[in-house]
Structure formats: structure tokens, C-alpha cells
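Read the structure below first, then the notes.
In this document, chain identifiers A, B and C correspond to the written order of the chains, with residue numbering beginning at 1 in each.
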Amino acid sequence: MLQTDNPVQDLPAGHGHSVASSNSSANAVSVRNVSKNYGTVEALKDLSLEFPKGQLTSLLGPSGCGKTTLLKIIAGLLEPTSGEIEVDGRSVDGPGPDRAFVFQDFALLPWASVLRNVSFGLELRGVAKSEREDIAAKYIADVGLAGFEKSYPHELSGGMRQRVGLARALSVDSDVLLMDEPFSAVDEQTRRKFQEDLLSLVANENKTFIFVTHSIEEAVYVSDQIAILLPRPSRVSDIIRPSGLREKDSRSIRRDPEYLDIVDEIWESLRSYVE
Amino acid sequence: MANRSLFLKLLSAFVVFGAWEIAGRIPVSYAFPTFFESMAALFKMMFDGSLLAAYAETLKPLAIGILISAFLGIAIGLWIGLSGWFDWLFSPIFIVMQAAPLAALIPLLVMMYGIGLTSKVFVVCIMAMPVIVLNTAGAVRNTPSSLTEMGKSFLASKAEVITKIIVPAASPVIFSGLRLGISAGFIGAILSELKITPTGVGDIITYSRSIADYATMYAAIFSIIVLAVLFLNFLEKIEKFFFAGNVRGYASD
Amino acid sequence: MKVFGIRLPGMSSLLIWGLLWEIFGRSGLSFFVPPLSDVIATLFEVIGTPAFQKALYETGYAFVAGVFFAVSIGIPTGILMGKNRLLDELLLPWVNIFLSAPLTALVPVLMVLFGFGMKSIIITTTLFAIWIIILNARAGVMQINRSLVEMAHSFGATPWAAFTKVYFWAALPEILGGVRIGIIRAVKGVIIGQLLISIVGFGALFELYSNNFLMSHFWAVLLVLFAMAFTISEVLAYLERRVSYYAAKR
């Protein structure tokens, strides 16, 4: 049933060194004792977390608690003040082809069409034009934007722009997908559709997903593992594995008593920080 | 709606030119020709070719000066925007130039480079360059950091970040800097023709004033203002056409 | 810019340029560029002379008068344009034309109409400054939040009270922005006017120095002029930042 066991990560801050590096083969990404200060602001403090290979891990926490910061450190866009990141057993010192990022503010090129935006990652990897446009077209269709290849970002709605960013990250076929609130601007119907798609993506492709969200329901619905982050300086307070849900049919999860219990559980544990 | 706006524009032109005509008829001053006299002088110059010859002369330093300022200005601006120490070293010069009345340098330029084309080109350059440099540098500096980060996360090299992200993102502001530079260049070109040596349109203005042919003088001034305004409006249209989505597309909602 | 972890202040590189100027001047490569130290020595000499003080007074007078007219005519015109659609449509094309017109071309007209004197220079200054002031005041009034206007009406404000207590203050950041740019333009206008009507102020002084090849004198006056223009522009930018805090929060 509901597992709130946190084998290693549960240790109080400062004792995180004991993370065994031997299990790194099962973990696609390991975050070890990472701290990040912006000037005097402590965004992250001694945070350790493992991301198992082929699974989806959600980072759940209140606004400003450092989710984006953690994701950007994993992406190699930010240097941690201290601590270490390992991806596939190798330590990270910058962006790499093994990770793709879906940006919270989309980061689309306003002067480029949807097609060019989606193929931009491949363009930077030197893929030939016709080939990358074929790949891009496929992912544009996958996110439901077929017919908008020639449109420009300003001609799209917020949710459509977000899907362009998603397609761009998917098209480079990286092992690890770092998604910063990728569904925040899409409408509720599309959001549910995407959540179902995401579940089948996790099931079918052997990719590791790191998924930031504000929504408890969404986290419980899509995740293999949920890391609950506390406000600044951020640490992992709890790790929850809604493992029983993954075997169920994606359509009936929301009616499942286990699903409802976990949602309640998380809300109870977060409630004190909101009040 | 379009009709109303056009009607009001015509009405407004009619009122102003009508007032000019009446003031010329009173006359408010011996040196104030009527609107129709001025227009007659303008058409006369247009048809006998003297206006065309004058503009060929006037636009030469303007065109050369603008070309030099554009190339040099954008290059320096990009460099300032990209490099911290270059910014520290060069920005203050252009900030001071932007605030200072650079026209005061004209007598010096004349002493150094004589009264020929060189001096006039220089005048256009010092007027046009600061705004081009400062706009370019500012635009480069203000490239949305999420775009450059996106480039880095997809493994763009430094050169690719500059050519594929920073320069396109900055180009609308660079272009409007160019437009402002050209506007300042016009001021410089005419100033140099009136101050350094009367050539081109400046010559028509100075000469017709000296022989009290005020209708011709007003016509020449009228023509240069119309030309400058039309050209700058044309540039603004181009700018709106090309960069329409560029500015709005940054919004993340 | 940081060197050895110490932040160099923004304008400190001007010291380096001053040093380069000094070296270049001492090298004697150009007769037209005397060393900075000579220029500064001359500067203190020149400042005391009646010719300089007269030029400064005349320029300051034309500048202040020109800015005064530009502000006192420009701001009300802009506010009226922002409030009255018909007036706006009639005047806006002209404001835009004069904003981008090469105003130097109008100086000869001013000279024949108003004579070779102070009057023409003041009008030139006003013409350089006024259009951007009008345009910004108009934009400031037009962006005022509708609910702010409705709030004033719902509390029964008279038109005059609504104007002085709401419109003016709500548009103030834009208005001041326009005045700042207008004043910087006025500095340029007053010098251009004096150069073309070169019997007054610094225009006359420049004529005198360049005819006699008094290079140090020339540079000294330029230095004073540029320093004053820069100070004015920085002070205005500082003032604008002081009020801009509420621009974002309206």
C-alpha cells in the first residue's frame, strides 16, 4: 500500500553522505548534498535525492522553494555552491546531450516558426535540415500541434507554446527529461490528456523523467516517486511512492481509494507550511 | 473608422497650410511667403532639376556617414554588450556622447579636416553613432536569459548562442537604434551644410536667403523635412512589418 | 567590471581615457589635441574671464527659457491630447512629423523671422525639446488605468479635482520621462542654435577660439560643456528613478 519509507533520503540534513554510490546503476540521476546560495539567499541546503532509471520522479513543493533551481543544477545550467550531481554515474559539469529541458517560461525563439523552434535542439546538434524537420514534424503532431508548423509563437496560446517547448525537448531523444511545470499553462482537458500520454511515455520509453509540479493530484497521478520539498532553504522532507497505482488502468486511477489517500496524506503534510 | 482618421488628417493639414497661406498674405513678416508661393518655388526647382542635383550633393555625406556609423556602431555595440570589460571601457564614452551637444565639435572638425566631405561625414557619424552603439549594447545585454539558457541546455556553442539567439533577439532594438541614428544623421548633415560650407540643399537655403528669395528658401526647407519624415516613417513601417511578432512573442503567458 | 574581486565604479574608465589623452597630447602628434593637463590648466583660467561668463550666462538663459516654454506648453498639450480624441487626431500627425524632422533646417527660418539673437535661440531650444514632452505626457495620460478614473468619479471628484489629484499623478512617471529626454535634446538644441547664429554665447566663443587657433581654450570649453550636459542628464535620470518606483505599482 502506501509507502512513505525513505530509505536513504530520510536522514536528517548533514548525514546524506551515506548515500551508497554502488546503487548508481539503478539511478539515472543522483543529487548529493547539493546547496545553492544566491548571494545571501539560501535556495537549497544540503539536498540529496536519487532518481531511479526509467521512472518518473515529481518534485512537489510550494512556490519559491527551489524546484527550478534544482532542475537547472541537474541540467548543468547552474553551478551548485557545494555538492555533486551524477548522471548515469558520471559527474555533471555542464549541459549534456543526455538531458533535455522543458522550460517553465517556454523559452521559445519569437522570430522562429514552430517547426524551427522544435527542431532547434537538433539544429544545434548538427542534424541535417530535412532530417531534423521530419523528426520535428512527428513530435509536433504528437503534442497535437499538427497544422501549426508555420505559425510563430506569438500566434499561439500559452498552452500551445508550452507544447512547442515539450516537443523540442522530446525531439532530441535524451535519456533524462527535465520538465519544469510543463503542463502549467495548458487547459484542464489537454492537461489530463498529457498526463495520460506521459504515463504511456514512461511505460514505453526507457527514459527518466524529472517533473516539477505544484499540483498534488498531478504528482500522485503521474509519478513513480514524489519528492516533497520544503520552503527555503529547501530540503527533501518526504519521499512517497504511490507504487500500487502504476499497475492500474490510467482511466480509473482518479477513483482509486489509494490515490485519494495519498493525495490527502500529502496535503496533510504540506498544510502546516501553507498556514 | 479609416475614413474618419483620413478625413481628420486632411482637415488638420488643410488648417495648418491654410493658416500658413493667410499668415503669408497679411503678411506677418516681410520674410514670410505664402504657402502657394512656396509650393510654386518647390515645383519650379523640382522641374528645372536643381533640387535633384542639390539632394545628390546633400545625401552623399549622409549616406556615407550612416553606413560607417551602422557598421562600426553595431560592431562596437555587440562587443560592449557581450564583454564585461569592453563595456566598462567603452560604454562611458558613448554615454557621455549621447548626453553631450556634439555639434560643438564642428569647429574643431573643420580645423582638422577642412571644409570638405570628410568633415561632413564626421559630423553625421558623431551624431548618429552613439544611439546606434547604446541601443545595440542594451539589446544584447537584455536578451532574455531564458533563451540563452535554453541554447546552452541544448548544447549551443558560444558562437551559436550569439548568432542564433542573441543577435536575432536583439535585432528589433538594433534596427530602431539605426532609425534613431539616421534621424540624428539628418540633423548632422543639414547642420554641416549650413555651418561648414553651403552645398546641396544647404546652399539653396543660404543662397536664397541672401538674395531674399524667401519662397525658394522655405521650399527647400519644406522639401528636406518632408523627405526626412517620409524616409523615417518608411523605416518605421519596415520595422513594424519585420519585427511585429518578435516583441510580443517574449510574453510567457 | 571586476578586477581582483573589487568592483570598479561605472564611469571609472574615463580616467584611463583621460590618461590616454594626456599621453597622446604630450606626444605632440597632433597640434589640435593639447595634453589634458594643459586643457585643465586653461580651464581654470578661462572660467574667470568675462567672455566665458557671458557665454555661460547667455547659454543658460536661452536654455532655461527654452525648456520653460517647452515644458509649460508641452505638458498641458500632451495631457489634453490624451484626454480629447478629436484634438489628438488633429495634432498627433504634426507632433510625430516634428519629432523626426531635422529641426536644424528650421533655424534659418527662425533667423529671418526673429532676428540673429536670443529669441531665435530660445525658440530653437523649445522646438528641440517640446515634441517628445508632448508625446510622453499624452502616452502617460492614455495609459491611466480606467478603474482609477472610475474610482475618482465614484467618489464624486470634480473634473478639476480628478485632474489635479488623479490624472497628473498617475501620468507623472511618463511625463517626467518625457521632460528628461526633452531637456537632453534642449541642451543639443541650444548649442546648435548658437553655432548657426554664431554671435551669441558659446557659438561666439567657439568662433573666437577657432579663428585664433586657441586649442586649449577650445577643448576647455568643450570639456565644461560636456561635463555640464552629462551632469544634467544623470541628475534627471536619478530623479526619474526616484519616481519610477510607483510606476510599476499603479
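A few points about this structure:
Everything that follows uses one rule, which is that contacts are C-beta pairs under 8 Å (C-beta built on N, C-alpha and C of every residue); 3 or more make two chains touch, one makes a residue touch a chain.
Only a predicted model underlies this, so the values are computations on that prediction, with no experimental measurement involved.
Judged by the touch criterion defined above, the protein chains link up one after another in an open path, with no loop closing it. Comparing mean CA positions across the assembly, the chain most remote from subunit B is A. If each chain is reduced to the centroid of its CA atoms, subunit A and subunit B end up 50 Å from each other. Centroids of subunit A and subunit C (each the mean of its C-alpha atoms) stand 53 Å apart. The centroid of the Cα atoms in subunit B and the matching centroid in subunit C are 18 Å apart. Within subunit B, not a single residue touches two or more of the remaining chains. Within the complex formed with subunit B, the residues of subunit C that make contact are 1-2, 8, 10-14, 16-17, 30, 32, 86, 89-91, 93-94, 97, 100-109, 111-113, 184, 187-188, 190-192, 195-196, 202, 206-207, 209-210, 213, 218, 221-222, 225-226, 229-230, 232-234.
Residues 72, 75-77, 95-97, 99-101, 103, 105-112, 120-121, 123-125, 152-155, 158, 161, 168, 172, 185 of subunit A are the ones that touch subunit B when the two sit in their complex. The residues of subunit B lying in touch with subunit C in their complex are 4-5, 8-9, 11-13, 15-16, 29, 31-32, 84-85, 87-93, 95-96, 98-108, 110-112, 183, 186-187, 189-191, 194-195, 201, 205-206, 209, 214, 217-218, 221, 224-225, 228-229, 232-233.
Partner subunit A is touched in their complex by these residues of subunit B: 144, 146-147, 149-156, 160, 164-165, 168-169, 171, 243, 245-253.
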